[in-house]
């Protein structure tokens, strides 16, 4: 029975897998006659960044239009009738992870506000490390908050700014925010993009038919055949505006004090789509390189290299090429799981079935298997996969993880479990972890191995090239809410609970 | 073709009938263990005041809970699972007319705001005549409006008040509002009721098991077996609060300067339920008296008195008793129309069918019929009913209307058509109206006849006892928005249009 | 505790009232370009005969089309998109009481079958007294039954008939059926109407633009402005067929051996709409006459005559006119109850609220009230209404019922409770019933009083003019299933249970 | 414009890809307390065989229970409330491709019929080549067909059989059927499995906790941890029955005359899940072998081997291992497309976007690419993928297809396009096909290459080991309906069209 204690039963059936989650993808376009359709397509390409809800706001020269729906982009925004309700040549959209229930639509972005001189809609990916502190301040001075979203705080700061132009108000608001964010704003004539001073969250600029586009990843440009122009730089605000003559002006500013860029490593490890370029680097190549470095750092004698699909596949290809061990699809992913098997019955749990993955017995039985995964968070899924591979007849099961051990929480838009739930914090050393998971051996890629895979160089301890606090504890910004303990102040918790 | 102009074809198929609509009913209770269930029942009894959406907010000592649903009260709030999401001993609810679409839920009341020292929810019936003016002012000073509801303006004024107690903040906000309203507010310990200085909209106080209740009409007390205590007076604010010892304090204030009460006549003519007492007077008796006075003022030789159901029935009973002409159900109402036949096909229009009413041919054929209606707004329904009665074989059709001609718009919560769509404004005299409607004769009750029916006395021109501007043009309050032309200022119209 | 036995608590909260229910209304039209729209309108007018589901089948010269939906006619068939799916010039429709759940759609009529020489759809109102016996026989010879509807048995008999023409097959099938029915059938060229040999269930023939129509009641003709032609006679089959030249032939046959017609009295007492003519008699007049006769048979000293709405209103008008006691709306019906308050919470029950009716206190308090109801089945609603009237301050409450006491079950399409649940079977005499109900006096109309009210003559005991077994036990047909105890044979109960 | 003619624009946006579709997966279990839950899990594992609807029937000793739902298994059958409606220890389930609309539920299997001695439910994968001929015969003798499913014909044949036991009736019905099928039937005590005489469609037998299971593929055994026992043989009927003592008897019969087994090759090429064993052979290995043979038969000089996901991946791995060219994920599949993007707007089509696939530019640009696909049907998707790869910067694009050219229709449950829409029939030779697709070279695997990959031996022209008519025109059974032209007889087409 002791094993039951060490194998946390409540979390045992995590169907979405033992992975981290990010909260958003954003897309915006200015001056294009198919603005909302292109935005829907862009959001569809960014669906992996958030599957729970999606919203689009458009403006047609007279009015703003808004559609928000729970569910996948393709569930709603492929309906011509829905797109017809979003006329105009300016649009921004947002796809988000992790809200539940109909009423929570009020938290779905973009958020809109009517300012004295017209409306503004904003959408962002990321998180503010001083959001609750600011929220407390503005409520104390008479503001009414309708959502529990940090993004609403930005709207209030814009509304309260003493500047006259919307751009200046927006920049004024951003100056007060700390954290990691990629943010889009639209007004009746402008599309504005901003990235946090450190450049944690990604944001790229593209162009279609001469019209500017901003989106979280390049894959959203590819889906509509748009051209990649450049990444929005860290701390940069780019203001695009339709001029009276129909031309579009582009004004790039750097209101934040200049610090070196530190893109989030987890975009390369797990979040970004493999066909995207993040900060000019191929995500697929970064993952494959991680697999190559892993084969160098932690070689193993085995008969077959098996990726844990789908995240582990590029690294497994690299590992196989480097090691010379054949690459085979030893685990088959069931594509129909989606988010639907959300409430397994007790019987289903009891049978211990694998709804998401199954062993390809013919390639496993009687073999020494090396499993390649992109990352391990709590280890609960790894545990089950090892057991499944053993059940299929593997003689040895070795795990190689294409990123370092995770020790610390994120506060920049990645949904991390409590630190004490992380595998790396639960066991004294890697041998104990390996025993928990039940593998014959377990190795993680080193932080330098990952830096080299992604950026070509080892980590510079004095000026790390990437955001990597989940591995290292080195946070790239202040953590005002956390340190001010605002998060634990009960008066700041929303007092209204809406049923789902 | 001229007849087509005078018989407005677009409005020809008004299935909800040619009537006015009011926007709301409110109910609130403090300190009762079944607070939300009682509120649901009260709203059900007030369903005639608004059928489009209903909302309830409750508080259980720790948190506020909110449910909002489009549709009838009985469609949602009879489900134990829904009521279970509204725990606690304080609740207020609201039922409303005339919003469409899912997203418009954001306009459904009660509205909630988190203030610095806790949450507040408010619900009201009525309309502010300076709502847009105030809205403009608060947006200019940095507020963000999330709904297009005037009620939200009240929340902002409360949030911005410099007073410290919620009650004082609420009264501070009301001081700035003009118009007609019956308003409920709830905080973590208080239930507050307020009625506008003139007392246009109704609001009564009741009691169940020693706990205070406020609601729009007495029928909402009857449904739960609660006792009627008194009407909330014009200009009065009553603050009920749960004390630390569990007792409830009641504090009645009159912050508005004292003016005579002028209840809205249309509550007696059409809106209120016949079994309700409004300002201490039986609505049924007022309507029956109106029929009696109508028989005296405008007698007619006929074989049968037929009510236009259901509004005309009490007046028809009075008319029949006074005139000695037999009362018969010459028109049968189809109870299943509801709000469902909302998009009639062209064929249905072409057939000119009556989905809501049908003639009881056996009581009509070969007879001189006097139809009794409660009121005539545009006359388009009257036109069709007269035709239906003639088609059923009536030899003569006379119309007697138990209220005066309507000439003016309302700005206190009654949804009136454009003045130039009103029958009384479209024709030079009553003979022309009668020709339009196709009746053999047409007579309206005089304003004095209505005053006597409701209040026992003729109208005092110097100090009218009732609000009666739709008949007389005598508005009981300032019309700030209208006079300041705020309503036509495009910048003040909400710029966000949400699809339904 | 004994009172709990006599006041059955489980049935205590019968929101649909203590009334009987019939199962269907039918409508069909041949040769009209708006066939399905007219059918939808006709069904809407027949909505009072069944509110749970509605179906329409049409044929456009090439194919049959079918729509079936749970809910009211107006919930679905007013949508132009739905009607567009029902093209063609022939259509029949059906509205039905009492099925629940989505899957039960398979029981919703019309039912369709493909025969060797083309399709046939049938719809009927009524019930077969030998349906289960026949069902057993056809299953024993290899038929497959897909529904639990008796109507399907008719389809099987048609399919198995050795006759070649569809009409002859249809008549062949009917010859084997016993019971009460009004049935419509449609093929690719024909619309066929049939009424049971005794003429229990009503069916009328009408005409619009020269095209034949059949429907349950004349109110379905009135809604579309169609002309009433005549009633389909008992035992008659009328076959209308589109000829090659576009004309329509009408062939009326009497395959059943001729017996005198005995229409169901309950159509007059409760089911039919008051504006309908049934067997040439005004339903409204029959009810009013019943009230007049009731005032003669069972006079009472009182201050006010109050109908139990809506069924009791015509009788109350008659009672008031005969007795000279004023008629007043002492009970107000809440029009918004509909079928929505279906799962009252325990709290709602506990409060004993009246969601459907409320007392008009101003007309009740201090008065001697005589309540007029159309019928009493179990008495549970009467009990609550008397209590409500007393709570509103009545000094005396007398009940007068405009039909005789009910002792027996129906087997012809009326859903009756178990005989031992009927009030008349639960108490030894009328005084005991009156005590149960809590009234000061209780009287029922005599069977002769009802016969005179409806047909002008007393009951002829040797050859009763109407079907009246629920009052008298005199069943107009054989009861084969009942006597053969087929109904209790477990093998004949459908073995498939579909969840709702 | 000529290219538009050759690039059929209507089919241009085939989001489900240019693939064939099979109609069903089946699963059944006898005697297990979790029968319906295990069936739901098994159907989930078989989801790839049909995504449009799923149904389950269970029996609990007293009654049959049935649930049918449009959509994925996981959309409905993971809800404990749904499974609770399926009690009992016997259950069969079915998942199906290609029905639309709610009412089409009547076509969703299992189908149920009440026979004289109890109920029977059947579910099958496959198609009868004499289904319409039989349908015509039974309708001519008085049967009523409620669905348009061939499966219903089997029910009728069972109901009409003169045999007394259900097993004998079932076998009697099967004797009359021609075609390819894997069929399950359940009665109150039995679970029966049958496979067509040639063994076209797959069906395996498994065991869990000593209870027999039948299902389409072994992956449905793996998901619940059940043991694979053996394949049901061609022409075999296996009758499992719960005995009075609770034990289960198993009776295997061979009523069909013995012919050699010929499993369908397309199960290996495309349909079956790669982790399944079909007729004892690993599907994954068969596909990988096909890729190896393809590399031998049709080598090409290239820089990178890219699978067309997901079908082409195993063959691409084999091709890469055999050729020594690196395997890379050059095309990324968007997992969120699902079946939701079903109605693309004109704009989306105009942009020519790829919602399902995107090029991994970093692995493609500047390279000679060899694309590996499992099969080509019409070529329309291949065309677009080649263009996408060229747009991503490939210098050469070669296509290698791991199966032969398709020339003929299937009549055994695979949904094939009109033969004249097949790529192989539209062009004179492979060079013309290659030009149409726009590739630099195009090669298909030979029929012998495929036979060797799957079965280890070349095709035996006198007694082919597999069903392969789509490649060769050699149909393994009679085609009665086709040759009797029944399919084109308009009277046999269902005359009832139900709107979706």
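We call the chains A, B, C and D, going by the order they appear; numbering starts again at 1 in every chain.
Please note the rule applied: a contact is a pair of C-beta atoms (placed from the backbone, for glycine too) under 8 Å apart; a residue touches a chain by one contact, two chains touch by 3 or more.
Everything numeric here is computed off the predicted structure, so don't read it as measured data.
**Student:** Compute the centre of every chain as the mean of its C-alpha atoms, then state which one is farthest from the centre of subunit D.
**Tutor:** That would be chain B.
**Student:** Where the centres are mean C-alpha positions, what is the separation of subunit B from subunit C, in Å?
**Tutor:** 36
**Student:** Quick one: report the Å distance separating subunit A from subunit C, using the average Cα coordinate of each chain.
**Tutor:** The answer is 61 Å.
**Student:** Using Cα averages as centroids, what's the distance between subunit C and subunit D in whole Å?
**Tutor:** Taking the mean C-alpha position of each chain, the two centres sit 50 Å apart.
**Student:** Kindly provide every pair of chains that touch.
**Tutor:** Those chain pairs satisfying the definition are A-B, A-D, B-C, C-D.
**Student:** In the complex of these two chains, what residues of subunit B are touching subunit A?
**Tutor:** By the definition above, subunit B touches subunit A via 63-68, 82, 85, 103, 105-106, 112-116, 118-119, 139-140, 142-146, 152, 155-156, 159-161, 491, 494-499.
**Student:** Going by the contact rule set out above, which residues of subunit C touch subunit B in the complex?
**Tutor:** Touching subunit B: residues 34, 37-38, 41, 44-45, 47-48, 51, 72-75, 78-80, 83, 219, 222-225, 273-275, 277, 282, 284-285, 310, 313-314, 317, 321, 326-329, 332, 334-338, 340-348, 351-355, 358-363, 391 of subunit C.
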